[in-house]
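Next, two complexes with chain A in common: one pairs it with chain B, the other with chain C.
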Partner chain A sequence: MDIVVPIKFVPDLVEEMEIGESGKALDRTFMRLIPSEQDDHALEQALLLKERHGGTVTVVTLDAGDVDETLFTAVANGADRAVKVRGEGFDKGINNHAASAVLQEALKDIPFDLILTGTQAVDDLDGSVGPLLAARLGLPYVGYITGIALEDGKVVARKEYPGGMVAEMEVALPAVLGIQAAEKPPRYVVTSLVLEAMKTATIEEREAGGADCSGAAGVTRVYLPQAAERARMLEGDANQVADALVALLKEHRLLS
Partner chain B sequence: MLAAGRELADGLGGRLTALLLGHNTQELAATLGAADSVTYVDHAALADFTPDAYQRTIAGMIKEDPPRAVLIGHTSMGMDVACSVGIQLGVPLITSCRTIRVEDGTPRYVSVTCGGKVMVEGEIPGPTCLVTMVPGGYKPEAGRREGAPDPSTWLRTKIYELAPPTELNDLRVSLQRYVEPEAGDVDITRESILVSVGRGIQQQDNLKLAEALAAALGGAVSASRPIVDKGWLPTSRLVGKSGKAVKPRLYLALGISGAPEHMEGVPDCETLIAINTDERAPIFDAARYGAVADVLKLMPVLTEKIKQAKGG
Partner chain C sequence: MTTVATTVSTNGGLAFYNKVLEAVPQGERLRLCLQCGACSGICPNGFAMNYPPRSIIAALRADDFAPVLESDAIWLCVACFACSNVCPAQIPLTTGVLAALKNEMLLRGKAPAELQTALANSRRYGNTLGQSPRKRAEWAKDLTLPVPIMAEHKEPVEVLWYVGDYASYHPRVQKVSRAMVRVFQAMGVKFGILGPEENSDGDAQCLVGEVGLFEMLALKNARAFDKYEFKEVVTTDPHAYNTMKNEYPGLGVSFPIKHYTQFLAERLDQLWPLLRRDQKYRVAYHDPCCIGRANHNDIYDEPRRVLSAIPGIELVEMPHNRENSICCGGGGGGMWLDGFSWERTRTRTSEWRVAEALSVGAQVLAVACTYETPRFDDAVKSTGHEGDLIVRDIAELLAEALGSG
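For the complex of A and B:
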């Protein structure tokens, strides 16, 4: 089974978000980009399937900036090919409609039975890459997947519903599946293996030209939310905060 | 979602139609009282949700009579179909929309992104646009007609029953079976005190600290999505969109940033206290009390003090 894993780079939400001068986009000057967490899970699920059934895993990403280390890490973890697609404005961020069109083009000469990608990413505003790509390729899509079994040229995917209910869906191949969580937490690889991959592996580079961003709505304003009400903040070190909390719990009769 | 649709339809001087898909589920139409009419599409292939059959049906319905806007729930079902409907029809798509309003005859959206840290506003482009709605912008009551569902509501709502606008054969996705969540673990929806942990606990080992704190308080440990995805706690302990809605007297959120998906599970908590190292974490906007602190330092200290207070 040949699997492709598109990886999207998203803002690291641990950092402070800042609004750009236009007021219509985030300021990307100092923005730290990281691979989307659910895409890490998609890669892990692909590697688990490769271990069980053989085949290949290809990771593909748009060149949003410092993406090489992530690609080499994927290779060190067991991916067979790493593809980086360059294009105009990719470093400034392109929407998911454009990204899925670029991926569709890039996949023309990469054979696959299955595409696994994160169900969603933290900065999605115009749908998600997985289902958009599936629609462009005319392939079936199911998202919120937490496990995949391969049976007779079809996959049975575990789709999560709220409250822990799971639906097992049979999906004809080729298909695109949106991963919520891999069957096991994503593996970690020691730095020495990543460094080795950097020496021995090659990142295949492609040129995509421009990106067609139509399909998303225009933005007139981006802002940081200002809450009408905010929590009453308890000040001090851990000891003082703990004292204040105990007093609060007593007040609310939660210690009886 | 019906409340948002009502606001949009009234603001534009249009009508609000609810689209209901299923098989032998016509009685559900009575729960969609805020709509001017309900279009009910019945077919055996629509009895259970599959992305393929639902997407084809919805796309077919929109194509036949394109409305100004189509609102779809930003849920594990809605997000499986919205993108393909948009691409198939060449219609723009706005996701994670929280509120809609009409300003000078122009419908506008407000979407929430980056885990609730950033808001985005713009026009809802015409002639037709798809919008997926997240909860939090409207009170559910606003989408219901008073007293619904009852027979009088039933009579006031026009229901049109239709066959699917497109063939539903050669489906590529089919439901095999449902698997119920494993029983036997703690039922977090029944606990009156929850110590809920998020990414801030950093390592699986640190769960012990939360367990000890929960034991001292006489409560249970629940978690946000990253903890469950890492396999540190079972899905039965998950609070939020893909987990459970909880309603304890005390919800102590430790190292949880408060992404919208998580906040969907906590609106009925009586007292929400949040501890996080990031003073800008959205959880502080919803919490009654908060503190900027390292939960790993705080948990053992707090556990001891609670034991003392209870003992004394």
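For the complex of A and C:
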């Protein structure tokens, strides 16, 4: 089975986020970009499927800058092909409508049975990439997947619902699946193998030209959350605090 | 060299044997193993391992290595060097056999997830905690006298202080760093730190067999050190001391390095008059593995001499001291394997140490390693001895004794 994993680069929240001069976007001057966590899980799930059933794994990413190490790491981990799509404005981040159009174009000559990508990413403002891409390709999409089993010409995907419900869904191939979590945590590949991949593997570079970002909602203002109401601190010793807390919970009908 | 028959062929055994030879200069000594079992007996977690060091070598000889690669016992190893230190054949177990086995397990994707996270963090951020490298010097931000950061300082210093991951980011250990600043400043030491240019020392990465990552981190530190003029590197981190002194030279990187207790012991005449506040404590000192028996670093007397300079302190010894000290459990990746170890051993070596300190009537457990204040603080709490024993780094005890009292 041939699997494509689109990887999206998102701001690393380990660093402080700052709002740019325009007031409509984050300041990207010192921003560190990292692969979206759920895309890491999508890659892991793809590698697990490859281990079980053979086939190939291709990672595709838009060139947001400093993406090579991630692509080489994916190859060191077992991916067969790494594709980087360049385009104007990609380093400033493009919205998911535009990204899905770029990916659709890039996938024209990459054969696949399955596309696995993260269900969501921290910077999704206009829906997530998975369903947008599925719509463009006219393929079925199921999100919030935590496990995949391959059967004849279809997959059985384990989908999580809120409240602890899990469904098993049959999905005909080809399809796009949004991964919530892989069956195992993403694997760590030792540095020597990443360095080896840097020497021996080739990143296939594509040119996409520009991106049409008009399909999504526009951002008018970015600002920090504002505290609407101060938290109330309960004063007193442990017993007094406990009494006050019980009274408060009763007042809000959380205790009877 | 006398040869003892060592059969190595299939089951990954031969590849492993070659890996050990490649990893350490004295690797071949493993052929001299007498199977005496001293290594497995002294290992603090040996009781919970189906393959302690002796059995690993036995399996290699028996050409039955596959079960060793199936076992996850190696991840109970805290790289405390106890086995290497007692081995009568002087086999480099910790840096050779055990690190090579960990490397093999990493290559096979068989490392516990928590450890993988620490490794991924150090590759991405240069520290195991996954914190912003830009915030590495934030612990020093609000001090009365500023801590010079070399990139801004532009002047040669006497001491380039390698602070380390935990001392930079962990809230408990940051207090130790701030205490160290007070001591340096009181003594008038001209010092500076690398701040954001500093990377993880690589000791844990090296001892868990992630050699490529170790080299990457060591070379980043070397490039930063190269940019500045200093007389010597002084570190508050025994792991940094051990790896910079013994492993960096293998990469062509060497510079004079001292543990801070060595640096202070050399300047006791200068330190003595500054310590004027009486500290009426009975203190037991815990020898960190990495400045003690590891690679025969043998820094045992200096920390005791420095502690004895504090007026009022009564120094007592725990049953296990100096080269027989018991590891706090944090070395060789142990810092990130607490859950894994607890599931298999149902005990913590840090708790044994707390019991030992109390058994000799200590009121303070003095430490000199950046892993130890949080580990022993936790052990004091988990054994229900909060209030009975205080955990302090030597730097903190010195800072508290500064000034007139």
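What we mean here is this: the second predicted complex is superposed on the first by the 228 of 256 C-alpha atoms of A that agree within 3 Å, B and C clash if a C-alpha of one lies under 4 Å from a C-alpha of the other, contacts with A are read in each partner's own complex, and residues count from 1 in each chain.
Following the convention adopted for this analysis, a contact is a pair of C-beta atoms (placed from the backbone, for glycine too) under 8 Å apart; a residue touches a chain by one contact, two chains touch by 3 or more.
Bear in mind the structure is a predicted one, so any value in this text is a computation, not a measurement.
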Chain B versus chain C as contact partner of A:V14, first or second or both or neither: both
Partner touching more residues of chain A, whether chain B or chain C: B
Partner chain in contact with A:S192 - chain B first, chain C second, else both or neither: second
First, second, both or neither for A:G127, with chain B first and chain C second: first
Chain B versus chain C as contact partner of A:Q45, first or second or both or neither: neither
Which of chain B and chain C A:A242 touches, first, second, both or neither: first
Which superposed partner A:I34 touches (first chain B, second chain C, both, neither): second
First, second, both or neither for A:G218, with chain B first and chain C second: first
Intersection of chain A interface sets (partners chain B, chain C): 14, 16, 185
Residue ranges of chain B in contact with chain A within the complex: 48-52, 75-76, 79-80, 82-84, 86-88, 92-96, 108-109, 111-125, 129, 172-182, 193, 217, 226, 228-231, 235-236, 238, 241-244, 249-250, 257, 259, 271, 273-275, 278, 280, 282, 284-294, 297-298, 301-302, 305-306, 309-310
Contacting residues of chain A [partner chain B, same complex]: 11, 13-14, 16-17, 26, 37, 41, 97, 119-120, 122-128, 131-132, 134-136, 140-144, 156, 158-172, 175, 178, 180-181, 184-185, 214-225, 227, 229-235, 237-239, 241-246, 248-250, 252, 254-255
Residue numbers on chain C that touch chain A, as the complex places them: 103, 106-107, 109, 111, 113, 116-117, 119-120, 123-125, 130-132, 134, 210-213, 215-216
Touching residues on chain A, where the partner in the complex is chain C: 14-16, 30, 34, 185, 187-188, 190-195
